[in-house]
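Letters A, B, C and D mark the chains as written, and numbering starts fresh at 1 in each.
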Amino acid sequence: MNKVVLNAEEAVKDIPDGAVLMLGGFGLCGIPENCISALVAKGVRELTCISNNAGVDDFGIGLMLKQKQVRKMISSYVGENAEFERQLLSGELEVELIPQGTLATRCLAAGYGMPAVFTPAGVGTEVAAGKETRQFNGKEYLLEMAFEADFALVKAWKGDTMGNLVFRETARNFNPLMAMAGKITIAEVEELVPAGELDPDLVHTPGIYVHRIFQGRDYQKRIEQRTVRKK
Amino acid sequence: MALTKEQIAARIARELREGYYVNLGIGIPTLVANYIPPGMQVVLQSENGLLGMGPFPFEGEEDPDLINAGKQTITTVPGSVFFDSAMSFGMIRAGKVDLTVLGAMEVSDSGDIANWKIPGKMVKGMGGAMDLVASARNIVVAMMHTNPKGESKLLPACTLPLTGVRCVRKVVSDLAVLDITGDGFVLRERAPGVSVEEIREKTAGRLVIPGDVPEIQV
Amino acid sequence: MNKVVLNAEEAVKDIPDGAVLMLGGFGLCGIPENCISALVAKGVRELTCISNNAGVDDFGIGLMLKQKQVRKMISSYVGENAEFERQLLSGELEVELIPQGTLATRCLAAGYGMPAVFTPAGVGTEVAAGKETRQFNGKEYLLEMAFEADFALVKAWKGDTMGNLVFRETARNFNPLMAMAGKITIAEVEELVPAGELDPDLVHTPGIYVHRIFQGRDYQKRIEQRTVRKK
Amino acid sequence: MALTKEQIAARIARELREGYYVNLGIGIPTLVANYIPPGMQVVLQSENGLLGMGPFPFEGEEDPDLINAGKQTITTVPGSVFFDSAMSFGMIRAGKVDLTVLGAMEVSDSGDIANWKIPGKMVKGMGGAMDLVASARNIVVAMMHTNPKGESKLLPACTLPLTGVRCVRKVVSDLAVLDITGDGFVLRERAPGVSVEEIREKTAGRLVIPGDVPEIQV
C-alpha cells in the first residue's frame, strides 16, 4: 500500500503518446509543476489535455504547447498564451471550450461513477449544439458525459504514503475532482508524510483514488496577477 | 451626465441586502465590492473555490495559493471557506448565490446575454460565465448602454454568440437602470440629467416607460 | 450574517405539519438529537422524513414515530424498531425503501443543482419499477430524481456563527449532504465557535448552505452495537 | 467435511491481494478481516464513510462517532480517512473498491443475487447492498450451499426479490468454490472430503465441472 514513487520522471514514465490527461490547477494556481516538467523532458506527444486553463507562454501547460506536445485542449478559458493562439489559428492545435462548472462536474461524475450529468450551463448557446436537452421542473438542462482520462496529474499541499491528499486555499480548485477522475492518478505534493500523520477527518482526497504519489520539488508557484494594496 | 463605472458599481451595490452571498464578475462588477454599505455583511463568492473573499493583500503578503476567479491575489475574511470547483458550481447551480453581477457585450429585451465571444477574434473561452448565467437566481448586468460607435447594446436580440438565454433580471448601464420583464426593458431610473428620450434613442430593444422615471441617486 | 438561533425550539418553530424533512445520521450516529427532541415537544405531525434509518424504539426518529408524527419514511434500512414495524403493518405509516447510495446521491444532486442522476443501484430489481432506465457504455442505469426537502436537520461536531460546519469521524455520513439539500437547513453543533475560528481549508459544509445554527446540549450519542475486544 | 464459517472466511481471504481496497458485508464476510495474510496490507472500506477500518476498540474506548456499516463500534488505522456517504458510494460506483464480499440468500447461475427481502416477512431495507452489487467490479458471495431444509441456494434463477442482476463473480460456500461465468457455476474447488457428486446434487443451478476438482486448502 505504499504508493510513493521516487520523482516526477518515474511517476509519468508510462504515459504514452496520444494519452488523455487531466491536469489540475486554475490559471497557474495549484498546477502539477513537477509532472509538467517531466512530461516536457520526456517529450511525449499528441496529448489531449483536460485542464481549466492552458498555462502561460513560459509556464504550466504552455511549456508543453511550446514543444508541440499537445494535440487537443479541453478547457474553459485559454487566454494569456500567444503560442497557444498561434497553434490554434494555424490548425496545429484543437480546442474544445466548455463551461467551467461543466468541466468540474464532468470530473466529479467520473469520480463518482455517474455516467452523465444534467446541467443548465450552455442551454440555448453554441455549447448545446448536438447535445441532448431535457426539461426538469420547467427548466432546460444539457446532458453532459463524464470524462474519461487515462491519467490525472494533480498537485496537493500535503499527502501521505497511502495517497491521501490535503489541498491548500484556492490551489484546491480542480485537483480533488481530477484526482477522483483519472484511471491512473498521479499526485505531487509539497510535503509527503507517513500514513497516520494526516487527520482522517480533514483529508480532501481519500487515497483510494490516488495511484502514485511523490514529493515534489522546486515549486515556483508563479502569480499571474499580482494585485496588492499599500500598507 | 452618464454614470462613471464607479457610479454604476455604487448603484448596483444598492441591490445588496444583509447576508447576501454574491458573485462579482470581472470589470465593473468587481468594483461593487467597494460600495458595500458600512455595517452590511455580504459574502463574496469566487467561483474558483472561495466564500468570503477579502481585499487585495498588503504588498509583500501575496499568497500564490490564494487567488480569485480573475487570477488576482486576494485575502480571506473571518468565516471564509475553501472548496473545490464542483462544489463551487454546485452551490451556484443550486441557487444558493443570492446575486450575480456580470459584464456584458449585449443584452436582449428578453434577458439573453452575450459576453464571451466575438466572431473573428481569438476566442478565449467562457470560463464560468455560462454556468453563472444559467444558474443564478438573480443576475444584474453592469454595462455601457452603447458601444464606442454609439450603437445600442440593449437589443431586441443579441447578434453575438449567446452566453445564456432569458436570464438577466436587471441592467445597470451608464444611462439607466432597467428591469427585464416579460415586456422587455422596463426603465426604472435614469442617470442624472439624462432624458428618457435619450435612453429611448439608445435602446434598440423593446423599452417600457412606466410613467415617471426618477433619477438615479448618485 | 449571524445565523445563530437560541436553541432547538427556536430553530424548528416554523416547521409545519406535513413538512418534508431530511434528518442526518447513520443509525444513531450523528443524528440531530436536539432537533428531534424539539419536534417531539412541538408535536408537529404528518411529516415525511428522509433519513437513512428510523432510529430505535426509544431514541432518534423512533421518538417521533412513538408520537405518530411521521406519515412517511424514506430510508434505506429501518430495522431495530418494533413500533415502526407495528405502524407499518397497520398501514399507519408509509415506507419507501431506497438504496443507501441512491439516497446519498439524491441529496448530493439537490445540493449541487442537478435535477436527476444516473445510478446502477437497483437495476433489474423492484426498485427499478416505474423508473426510466438508460444504457451508457453497455451498462444500465436508473434515472433518480434529486430530493426536495423543506427542512434539513443536521448535526455537526463544530460550527461557526456563519454556518460553516465540521463533522467528526463517521458521524459525518449523510449530514453534509442533507445540509446542502434542504430548502432551509438547520444545524445543531456540539461546539459553536465565532466566525474565523475554523480553518477555512478544513470546513466540510460551507455556511452558504446553512440557514440556522445553534449550540446543542445534553448529547446522549447512544451506541447501538457496542463491540469491543479485551485489553 | 463442510467448511465452517471461519473456514469460508479464510478461503475468501485468499482472494485478497496486496493493496486491495475491500468492502466486507455483515456476517461471514466480516470474518474475512481475521484472515488477511500477515504482512499484506489491505484497506477495509465501511460504506458509512470510512477507509481504513481497524479492529473493535478496547473495552472502555468505544467512540459513538466511530462505527461501521453494521453500526458496531470500531477503530481506525494509520492512514484512515473519513468521508460522506455520497463520496463513499461514489468510490464504490466508480469501481475503486477492488473486492466486495457479501452474504446471500440465493445466487443464480447467471450471477443474480437475492439477499434483502423475504416476502411475507418484515422488510428492513436493502441498505447499501444494491449499490454495492450494482457497482463493485469483483463480488464474492459467502454463503451456505443449502438452506436449513437442505434445499439448494445456488439456483437457475432466484426465487426471492433480487438485490442485483448478473453481478456475482464467485461463490464460496461451505461445500465449494465456484466461479460464475457465462456457462453457469464453474466448480473450482470442493470442501475436503466432499464429493463432486454431493455438490452436483446440492446445486440446483447449472453446474460446470471442468475435469479434476481439487480440494480447498484449509
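Just so we're on the same page, a contact is a pair of C-beta atoms (placed from the backbone, for glycine too) under 8 Å apart; a residue touches a chain by one contact, two chains touch by 3 or more.
Keep in mind it's a predicted model, so treat the numbers as computed, not measured.
Trainee: Measuring between mean CA coordinates, which chain is farthest from chain D?
Mentor: Using the mean of the C-alpha atoms as each chain's centre, the farthest one from chain D is B.
Trainee: Starting from the mean Cα coordinates of chain B and chain D, work out the distance between those two points in Å.
Mentor: Roughly 56 Å, centre to centre.
Trainee: In angstrom, rounded to a whole number, how far apart do the mean CA points of chain B and chain C lie?
Mentor: 36
Trainee: Calculate how many whole Å lie between the centre of chain A and the centre of chain C, each centre taken as the average of the chain's C-alpha atoms.
Mentor: Going by mean C-alpha positions, chain A sits 33 Å from chain C.
Trainee: Which positions in chain C are in touch with at least two other chains?
Mentor: 105, 112-114, 119-120, 167-169, 172, 200-201
Trainee: Quick check on chain B: which residues sit in contact with 2+ other chains?
Mentor: Expected reply: 82-83, 86, 89-90, 92-93, 135.
Trainee: Could you run through all the chain pairs that touch each other?
Mentor: Per the contact definition above, the touching pairs are A-B, A-C, A-D, B-C, C-D.
Trainee: Which residues of chain B touch chain A in their complex?
Mentor: Spelled out, the residues of chain B in touch with chain A are 46-50, 55-68, 70-74, 82-86, 88-90, 92-93, 112, 122-131, 134-135, 161-166.
Trainee: Under the stated contact criterion, what part of chain A meets chain B in this complex?
Mentor: 26-30, 52, 75-79, 85, 88-89, 97, 99-105, 107-108, 119-127, 157, 167-177, 204, 221-231
Trainee: Spell out the residues on chain C that touch chain B in their complex, using ranges where they run on.
Mentor: Going by the criterion above, the answer is residues 1, 110-114, 160-162, 164, 180, 194-196, 198, 200-201, 203, 206-209.
Trainee: Taking the complex as given, what residues does chain C use to touch chain A?
Mentor: 105, 112-120, 136-137, 139, 141, 145, 166-169, 172, 200-202
Trainee: Considering only the defined contacts, which chain D positions touch chain A in the complex?
Mentor: Touch list, chain D to chain A: 18-19, 21, 41-43, 45, 51-52, 76, 78-83, 86-87, 89-97, 135.
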